[in-house]
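Each chain gets a letter, A, B, C, D, E and F, in the order it is written, and its residues are counted from 1.
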Amino acid sequence: MIAPLDDLLIAPVVRAALAEDLGRAGDITSAACVDADARLKARFAARKAGVLAGIDCARLAIRALDPHAALEPVARDGDRLQAGAAILNVEANARALLSAERAALNLLGRLSGIATLTRAYVDAVAGTGAAITDTRKTTPGLRALEKYAVRCGGAVNHRFGLDDAILIKDNHVAACGGVGAAIRRARAAAGHLVKVEAEVDSLDQLDEALAERPDVIMLDNFSLADLRAAVARAKGRVVLEASGGVSLETVRAIAETGVDVISVGALTHSAASLDIGLDAV
Amino acid sequence: MIAPLDDLLIAPVVRAALAEDLGRAGDITSAACVDADARLKARFAARKAGVLAGIDCARLAIRALDPHAALEPVARDGDRLQAGAAILNVEANARALLSAERAALNLLGRLSGIATLTRAYVDAVAGTGAAITDTRKTTPGLRALEKYAVRCGGAVNHRFGLDDAILIKDNHVAACGGVGAAIRRARAAAGHLVKVEAEVDSLDQLDEALAERPDVIMLDNFSLADLRAAVARAKGRVVLEASGGVSLETVRAIAETGVDVISVGALTHSAASLDIGLDAV
Amino acid sequence: MIAPLDDLLIAPVVRAALAEDLGRAGDITSAACVDADARLKARFAARKAGVLAGIDCARLAIRALDPHAALEPVARDGDRLQAGAAILNVEANARALLSAERAALNLLGRLSGIATLTRAYVDAVAGTGAAITDTRKTTPGLRALEKYAVRCGGAVNHRFGLDDAILIKDNHVAACGGVGAAIRRARAAAGHLVKVEAEVDSLDQLDEALAERPDVIMLDNFSLADLRAAVARAKGRVVLEASGGVSLETVRAIAETGVDVISVGALTHSAASLDIGLDAV
Amino acid sequence: MIAPLDDLLIAPVVRAALAEDLGRAGDITSAACVDADARLKARFAARKAGVLAGIDCARLAIRALDPHAALEPVARDGDRLQAGAAILNVEANARALLSAERAALNLLGRLSGIATLTRAYVDAVAGTGAAITDTRKTTPGLRALEKYAVRCGGAVNHRFGLDDAILIKDNHVAACGGVGAAIRRARAAAGHLVKVEAEVDSLDQLDEALAERPDVIMLDNFSLADLRAAVARAKGRVVLEASGGVSLETVRAIAETGVDVISVGALTHSAASLDIGLDAV
Amino acid sequence: MIAPLDDLLIAPVVRAALAEDLGRAGDITSAACVDADARLKARFAARKAGVLAGIDCARLAIRALDPHAALEPVARDGDRLQAGAAILNVEANARALLSAERAALNLLGRLSGIATLTRAYVDAVAGTGAAITDTRKTTPGLRALEKYAVRCGGAVNHRFGLDDAILIKDNHVAACGGVGAAIRRARAAAGHLVKVEAEVDSLDQLDEALAERPDVIMLDNFSLADLRAAVARAKGRVVLEASGGVSLETVRAIAETGVDVISVGALTHSAASLDIGLDAV
Amino acid sequence: MIAPLDDLLIAPVVRAALAEDLGRAGDITSAACVDADARLKARFAARKAGVLAGIDCARLAIRALDPHAALEPVARDGDRLQAGAAILNVEANARALLSAERAALNLLGRLSGIATLTRAYVDAVAGTGAAITDTRKTTPGLRALEKYAVRCGGAVNHRFGLDDAILIKDNHVAACGGVGAAIRRARAAAGHLVKVEAEVDSLDQLDEALAERPDVIMLDNFSLADLRAAVARAKGRVVLEASGGVSLETVRAIAETGVDVISVGALTHSAASLDIGLDAV
């Protein structure tokens, strides 16, 4: 079971989503057309198959407008949903529920979309021993939630920001005069709880990096042959991460080269929302 | 030329994106590997063809970390970019530029992705007289920016929230006992600067709605034949909006039925980021 | 019954009002003079006759400091109150209630003051068919609440901001070279859910505007005779809004010219607070 | 000359006012009708006579949207303005200036309205030795600015919140069993930099309060005869503040009783905005 | 009993502390190692003797992550605690409690550290009639809480900011050309609820200040002999505050000179946290 | 040279500190006693010897109130200062400088206090090969700044929050039924860029932990003999961190046992502020 995020981390995003949608006058359609004390029973359900992520967002959105709403979850984050599968049953004040609907669906759809795409990658490499990981190519303001959705899809998280791990890229290498020198400078600066990863773009550079024993080496845009060669040279001494232009078509072959981790920017920068709806029952 | 959003509306999003990425310790890699006073000349460039949106986000992100950065824009929001096309030349403090890079690219990529997809829909209906419009299926926190990207792609905006226009949907119709009654209740409540739109899902319901003369009628999931029939019945008295399951494959045929506007949720809920990079020069 | 604003929109204003009043040390008088567990029964009551608006603000202010306060509303927003009329009965922790009192009264008094003045204008035009509307001349930070108070007084809202309707004023006309050109430019830019209003200051300009069929034409500082002429020329094709220097003395005569809407800046920029007090019982 | 508030205290209010007005799409009228690089020369001027307060709000609002605007102040806060008097000359980007106009005017008008009304009270008691002071009956969110406007009108400020002075009122007296006991409890709790004021509503209660020598005694709703008697009994040992139902008609007679300070809630809860406009030049 | 601060003033600090600690991924250790529905019974207890302050911070931190946590306070703010003394018994969701632990302890430890050091100073002057007071040398963001902790330690608060009392220091004296002139300028500007304090650094300057009768005179870095001389000269006409380099070793002798108040910056700028722990039971 | 934090991370703390000090009326003493256009030349200088940290806070505080202040830094963060050493020369508007003084000094003093104490620990272990590190026992709201100050003192940072590394403590061990099981559960959940540290409190538990090869093992409250035994058993396979009750008296002996890192809570929870002043020149 996926460990949920604390409400404290989600609630500000949910409230901002609601405020953005309510604007300065609130839901003027429901105010005009729905009685103040009308009740509505409805169900969040998947319209397409996918993997659920973000059910707490829906709960918090509805409760923000109707603290007494009755909510009955039917699925859990990380669950695989068939098309039509129920997610959450709700009975609430009708105006409140209609006003919260879009904010809830936007978060639920986006996060489930990411979880669904992630799960496809994870399934594609099943049995190879390779893990799928994300990148920092997330939506501004939603990184914690989108990284959580990646976990719901069965993948592991890469670093969360510029501050929680060292990742040496080409500009850093250029500034230091070589990947080896860059790793040494990074190691000297890093605390004992910070991992050091270095990106290399050739087998020669890999050798230079291996000599410094970083925690992780990122093999950027390597051919399958070079990935295999890299795995052979590393001999398990460091974690190897394949990166660059990975697609659902190519990911299994990459995994079969023996790399440990494959990072996929598409998980967050190109996932379409999962189609989820709210239907009156 | 697309009227830009005020910096006042963009800056909080940009600063939040930077803060989210910098975390509690900032860019520890650049701090370790790049000298404090090193300079970097670089260029934002499109790696795939597309339509630009969000150049002000890149400017504000870089200036937030280096107020004295030299910036030379080479393209403008709304421009069609070839693969490889330059967008923005930068010379700045190297640490600052590397620290701002991901936040800038995430915003630029997402917004340009939306503009690019929007432009594809707009181009697909060229010459038909139909306009493409968006929905409220946007990313929480980014609605103003994503709706701006839709404008950069050549489409027009639907309402921005629950508060700036009335849109009567099935639950409102149910609550009022009919679409005609719902429109009357809405009209009575609405100010003189608020438009009233009603969603209908059949030609019968269309007739009931037409009798009340709302400003716009949304034809939800109508077949092409029914869309044509609707156009004939409306005789130009109201704006007709086609909605529901519109794709790049189906949009031209829909436009050719004579509807005025076609709303496409995919513009914002399913656009992949445009691949834009920052390259040292 | 007036549709209330969502607590989500009101609570930040209420909490800011309380924080502003509590400062850095809180209510030092009550802390010194009232026992920690003392209870207080009290009643919010109107000291002058008026129209109620903002009872939710009082509720949220008290509950913010004593979540277990017992509250019994005796009136509803939009109600006409006699001098002395009870509004809300409270029993709460005494310190909490005394600490929340001023924030609650300030909001309640200001909003009820606006509702009261609005009601006077609405009553003054009763039977004429003209509606009263507000302007953007509101208190910074309180626009949503003040526009709600206007609704409580029986009037309708003009636009809520610069973004939810187009209003072409003299500087826009000057920039475009004429009101007709301005309306055309506005129409071309506006989405299908945005109304277009143009301000004119003479009958000649009215004719130019009428030719473009905006949704609303604002007749700025027209004499009664010119208002009547304008109504005759428009023949019901557009909504006509009279504006400029409207007072309680002049409003009925203006309404009797046949205009549809009369906008009154004084509703929000010159309403005195309604005198409401909290009395121990 | 009035000491201005720090920009740091004003800027958040100004930015919130602009954000509230710009909404999610910004000034769509100016975007449609005014060219991006058009310039506008204009002048803020008083349309009615009054006292100026809040010129820094106008400056900050315009600069927030056009950092390079040229601003030439022609008057200073606290100045008495004739009808028609110029306040501030501006040359700025036309869209920016038009977008900032209403936020600037709303703040300028409200604060100048308060300063104007305050000045009328201050003038009414000229020569009597009595000072005019305000109350906590201010607009939520604007207390610091409104109290500043009171200073611009020539009056002094009462306490700014519940935390910066002790003010014993009837409920505190009731809780302590008498005004004397309440003052003793307050004195025991108060730091050496906190003044203690007690409200009394009769001459008997005044005697009880005088015996405890608070810093200030508030004479609430005293007749003129009782005010004179109170002045005689106090013999200058404490500051005497008259309060309750003070109007421009009654304030001079109150001042002539010899009280030291007269508090007037109307300064902030009932001031109409001063009519100030922005005219293109 | 110490009057507690309103939760409204504490909760933002507590939530910020939690958010700072939870970061973008939350408590990844507890998520990995503790079951989602595990419960934990634990006790906050003092590991060293001291004075308690901040128990509401612990309550709010735990409830922010587990609204249903059972909390049983065993001590109250202001209580003297023996080493090992229990403070608060908790039973809560285990993950939530472990996640909130550090934020709760950091606030509790810091505030209790201040209360403990304050109490030592207060005890040191017991029986002399002198009060101990704090300064503005507090931790940014925590002034209200740290000043509250000072009260829990038995001392009184000096001013809370630059705005709630006048304190004339050397630069102000220099700007006015003398302490007497400065007091006169300050008196003329101050409202009737603002106290005026002037700092002097010699007996001559004291005489100049006494002639203007400020409310308080601060004797800065006076020798014991000069403090005694100052007390003799003031003859009880003003409050005398000794200041500058006060330590636990010197404070009693200072108090015995007869000054009324002794201000001690160390209370807040040099207090070590009290060692408090959370132990499973 | 210490890599500075981005202004973007510091500025909100500085502005909050200023706002907290300015309150609702600003610096009323300087407003009364100092002319609006007076200038002040002054120097920040250390009154006691120490290590500087936080000079950017002083710069940002002054510039926030006077954007045109002339600032000349004379020292850099991380520098050892003699008593009396100059830090920063300033020439600014006098009111602005006096208003910013306390906020600047409070931040500068606290951070330099931490850097100074840290440097004492670092110096104490010089030549042993052991590093000093901090804990999460920081001031709420200031963690990023206080951890930066630790770096200025020559130490390395432990984790920044609950989210950037795994640290298994006694409650986690209890929940998993053993430290070995806990490490396995943690490893399974952790991404490839997250280090895993486990706390042990006996040599037996150390053996169990060593078998699972975490990245770091924390030896909690070990005797010197046991620390030496632990170093011998670990044989360099993992990083060993000594923790618990470390003081300046005991730290060198601990370092000489051969442990790699020593964590010291006192660096942040018990550092007194460094005495820094601002003197007119």
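What we mean here is this: contacts are C-beta pairs under 8 Å (C-beta built on N, C-alpha and C of every residue); 3 or more make two chains touch, one makes a residue touch a chain.
Keep in mind that this is a model prediction, so the values were computed, not measured.
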> Out of curiosity, which chains are bumping into both subunit A and subunit E?
Replying inline: B, C, D, F
> Over half of the interface residue numbers used by both subunit D and subunit E, so same, or under half, so different?
Replying inline: same
> Using the average of all C-alpha atoms in each chain as its centre, how far is it in Å between subunit D and subunit F?
Replying inline: 44
>> Suppose each chain is reduced to the average of its Cα coordinates; what separation in Å results between subunit B and subunit E?
In response: 51
> If you average the Cα atoms of subunit B and of subunit C to get two centres, how far apart are those centres in Å?
Replying inline: 32
> At which residue positions does subunit A touch at least two other chains?
Replying inline: 3, 20, 22-26, 31-32, 99, 143, 157, 160-161, 163-164, 190, 194
> If each chain is a dot and touching chains are joined, what shape do you get: line, ring, star, complete or other?
Replying inline: complete
>> Can you tell me which positions in subunit C touch subunit F when the two form their complex?
In response: 20, 23-24
>> Residue numbers of subunit B touching subunit C in their complex, please.
In response: 3, 131, 133, 156-160, 163-165, 189-195, 197, 215-216, 239, 241, 260-261
>> Applying the document's contact rule, which stretches of subunit A touch subunit B when the two form their complex?
In response: 13-14, 16-17, 20-35, 38, 40, 94, 98-99, 102-103, 105-107, 109-110, 136-143, 160-164, 166-172, 174-176, 182, 185-186, 188-190, 194, 266, 269-270, 272-273, 280
> Touching subunit B in the complex: which residues of subunit D?
Replying inline: 15, 18-19, 22-26, 31-32, 36, 64-65, 95-96, 99
> Which residues, counting only subunit C, touch subunit A once they are in their complex?
Replying inline: 1, 3-9, 143-144, 147-148, 157, 160-161, 164
